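In what follows, a structure is listed as structure tokens, so that the remarks can point back to it.
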Amino acid sequence: MKKLINNAEDVVVEQLKGFGAAHPEIEVHIDPTFVNVAGGVKDRVAVMSGGGSGHEPLHGGFVGVGMLDAACPGPVFTSPTPDQMYEAGKAISGGKGILQIVKNYTGDVLNFQMAADMLRDEGIEVRNIIIDDDVALKDSLYTAGRRGLGTTVFAEKICGAASLEGYDLDQLAALCKKVNINGKSMGMALTPCMTPQNGTPSFELAEDEIEIGIGIHGEPGVERTKIKTADETAEILTRHILEDEAYTRKLSEWDPASGDWVDVELADITFAKGDEVIALVNGMGGTPVSELYTIYGKLAELTEAAGIKIVRNLVGNYITSLEMAGVSITLVKVDEELLRLYDAPVNTPALRWGC
Amino acid sequence: MKKLINNAEDVVVEQLKGFGAAHPEIEVHIDPTFVNVAGGVKDRVAVMSGGGSGHEPLHGGFVGVGMLDAACPGPVFTSPTPDQMYEAGKAISGGKGILQIVKNYTGDVLNFQMAADMLRDEGIEVRNIIIDDDVALKDSLYTAGRRGLGTTVFAEKICGAASLEGYDLDQLAALCKKVNINGKSMGMALTPCMTPQNGTPSFELAEDEIEIGIGIHGEPGVERTKIKTADETAEILTRHILEDEAYTRKLSEWDPASGDWVDVELADITFAKGDEVIALVNGMGGTPVSELYTIYGKLAELTEAAGIKIVRNLVGNYITSLEMAGVSITLVKVDEELLRLYDAPVNTPALRWGC
Amino acid sequence: MTDALTCDIVRNWICKTAEVMAENRAYLTELDSAIGDADHGNNMDRGYKAVIEKLPDGDDVGALLKAVSMALISKVGGAAGPLYGTMFLQASKPLMGKSEIGFDELAQFFDDAVAGVKMRGKADVGMKTMLDALVPAAEAFRAAGSVSDGLEAAVVAAEKGMKDTIPMIATKGRASYLGERSRDHQDPGATSSYLIIKALRDAASEAA
Amino acid sequence: MTDALTCDIVRNWICKTAEVMAENRAYLTELDSAIGDADHGNNMDRGYKAVIEKLPDGDDVGALLKAVSMALISKVGGAAGPLYGTMFLQASKPLMGKSEIGFDELAQFFDDAVAGVKMRGKADVGMKTMLDALVPAAEAFRAAGSVSDGLEAAVVAAEKGMKDTIPMIATKGRASYLGERSRDHQDPGATSSYLIIKALRDAASEAA
């Protein structure tokens, strides 16, 4: 296994120590493991997220002014545990409550829910909003539901900006849900990846095979096909996203009124002529950014043909799977509110503008 | 060969078209091939660079406000040709002359020199400054000299800022040389890479071998060893940089007085206790940013032990070799002038702050 | 085999389980790589190592099992952490302060364990999860009428339930993303549940 | 073999070279991958394809060779582009307006070609570059005294010079980065130079 690591068992810790050294404005805690903006949050809602490691820069790279106040990294590809989120929440809580942004994987959801309960016992108000934007998965009745992909990056950016603007916890929870139902993603892989602990590929792919609808944890995708050109690949992902039908599902949410977790029904938007969107062409970690631009070129062509206007774009590695080669596309439909909050200044290790 | 491409022969063109679609503020020209800030340059020195493709984001990703005014991408790993630099120069020239920043590879140097002569014939003043910062190569008498690595990124950032500050061509040429003699780099590879044209690895590395002192064109390095830990790897690169002895060589430079190319002797600095540096931990393309942070952690430890202060840092993919897995380290000694110019606002696809 | 579980037996069960998870780390991870994300063995091994470190002294079975729950919750991660954590948390409650547990309490223990997992994961049998091993085991135990017979029956039922997951199409957890392609693979969580129950039987029979 | 090169022969030489570069594209690139960056064959093939497209009509040998130079400069890239470009540029100058060239002019052509490459690349024989094929070829041609004998001698000398690069340690160009490790590999540029000279001989002998 060829990796720049010291100790496979301890890889997240050694990486976080380097991360802390490079970014003194971010506090790194090892046991339990979490990172947060130094000084915590004053007088506004704190925004936090977390998940398995191996998706860098997500989430730690998005901790900073105008985005996340804290992130909890789990072991590679394994969701973090409630004690991490509990300590992170206590460290950043600014008296106005905490918004947890959670990618929809059973482990992440269950651990964040337990942490929310623990924080609530401490008198801290917590909302827990799930991101499930992976259109590769068609139904929620016979699966754990759509996974959280690139829309997570936009939820973190937009909710971070909104917290600075003074949104309260209810408004922020509603805003986060709004981003989620307006965002759709799909990914593919040219190669598998290898976790340091295992040292073997997460799955096997022949020299002429690719995996469509891949997740970000090295889990296989929904379809395996022969390798395709960049344009064909971009077209498959883009069409799935643009032609995705109305998706309705129940997501578990904390209900302050009843003081319990309730299943709330949510319906995604479907893209239509005239929509304005933010586009993300995301590398899985091992694909050169130059190749991502070819994908973007085709995406731009297809959205234009569909009468959809890309008003902002990101091309690069934002939510990865270690060294996996591949790409995912995310489109988020935006209105004046979402675009204003997206354009607001942000200063994090992996996303910066306006300051 | 698993790549997100359409046509191996045409890969740079398809990538540039996507690049142009993603960044409307940058003009993309296909024949001859170059990219430039839309509108060109008014009343200040224009700063341009270029080189073989496959090192993205270098150089095109650094075109924008406060950095490069134009970049000329050659075919993958092959330096661009004089007609590209000639047309790019004419497109951006703002009447105050052009600074060419050239990585020290025979092909790049010869092509940029021919272009400089062509532009001069058009009455445009041109200076051509070579970056040769790769400490893996010890001597210049029996080699083509040290290669241009990460210091190039800082030369482009700092000279771009200086042009906005109003430095004239002589001052800018002197500044670029100052960055070069204050910067040292060294890289290593865990895996080779594959150009689209060839579709075979640029060299062979066993499962347990790494290549130290690698170049960025898939050319083998200066030493092949057994795979090492991240800390051992970081230590090898850092020691070579910190302990590099005074390096003196002759570099070809245009001499306005004599109106000819002359060999000018240049001596690099050597690092010493008390120095302030900017550090770059650069991924070769296929290495996850998380692993780069482990390298940074060790680098920070070693520089601190040496009494050298890292005052700014960059950790990520800035000058790559396609999907090669590996890392390079660059340290640039800075004074008030270099740091001020480094901190100045920049807005390019790959480097942005302050605006 | 004894017909009541002393605190020492329970402690021994926990230690045996830790050993079993270490031995089967690669095996469970391999099962998870086929239909999941290749970490279940790593997660369970990491979790039970923490359990051993944090195990309290004394002869309070409930306290012992609560400590197991807390350690698993804070160290396993993934889906299995909260699920096994909640399982032990629920099941430990009625046993607080008890230094020995007989058939009725153990039958209740099994039922509470199942209830805890169902509550946390909103799943049920037939969805290709740990419940396919836990539920039949709980039923078999109660039906047997004695601790010794019950544990033997539970192991047999858990093993069968584990094997029964092979032809199933997963509808919960990560494996569900694969739909049809999740068929013909044994569920890692059902496998770790079987191992946990088997370790209990072994601890009890040794005590005889 | 003819003892003067008509413009048609020169044109035929250029076309033959283009064919040879296409045939040897993979071979030259493979040589370059051993001690360089694996593109020399791609560069030369791309360059000579452009040469063919841009070849002017008429019977001016100098104009023909200048066109070759311009096409190579703008399409080969790398080190070889400026080097071969300058080589043809220098060598074409004395031949402007000439529709046929004899021994003296061809000897001068060889010398100017060498001078152009030396001037641009600041290199000389023994540094494991194209000059190790070009220099001996130029000397052998002049020594032979006639075009036909000269070209035969030049091909032999170029081939020997090419092979002589194998044991050399490169001190110029990309291969020099390898130091000792550049030994035991044939220089790609010396190889393409040999191919160019051989194509000239073949074009000339066909004309006989």
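In order of appearance the chains are A, B, C and D, and numbering begins at 1 in each one.
The working rule: a contact is a pair of C-beta atoms (placed from the backbone, for glycine too) under 8 Å apart; a residue touches a chain by one contact, two chains touch by 3 or more.
All of these numbers come straight from a predicted model, not from anything done at the bench.
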Contact clusters after notional removal of chain A: B, D | C
Of all other chains, the one whose Cα centre sits farthest from chain A: D
Cα-centroid distance, chain B relative to chain C, in whole angstrom: 57
Centre-to-centre distance between chain D and chain B (centres being mean Cα positions), rounded to whole Å: 32
Whole-Å separation of chain centres (CA-atom averages), chain C against chain D: 76
Multi-partner residues of chain D (each touching 2 or more other chains): none
Chain B, residues touching no fewer than two other chains: none
Contact graph of the chains (line, ring, star, complete, other): line
Chains grouped in pairs wherever the two touch, ordered by label: A-B, A-C, B-D
Of all residues in chain A, those that touch chain B in their complex: 2-6, 11, 14-19, 21-22, 53-54, 56-57, 61, 190-191, 207, 210, 227, 229-231, 233, 281, 285-298, 300-301, 313, 315, 317, 320, 322-323, 325, 327, 347, 349, 352-355
Residue ranges of chain B in contact with chain D within the complex: 32, 52, 74-83, 105-107, 110-111, 113-114, 137, 141-144, 147, 195, 197-198, 200, 202-203, 215, 217-220, 222
Complex contact set, residues of chain D against chain B: 29, 33, 36-39, 42-43, 46, 73-83, 85, 120-121, 169, 171-174, 176-179, 181
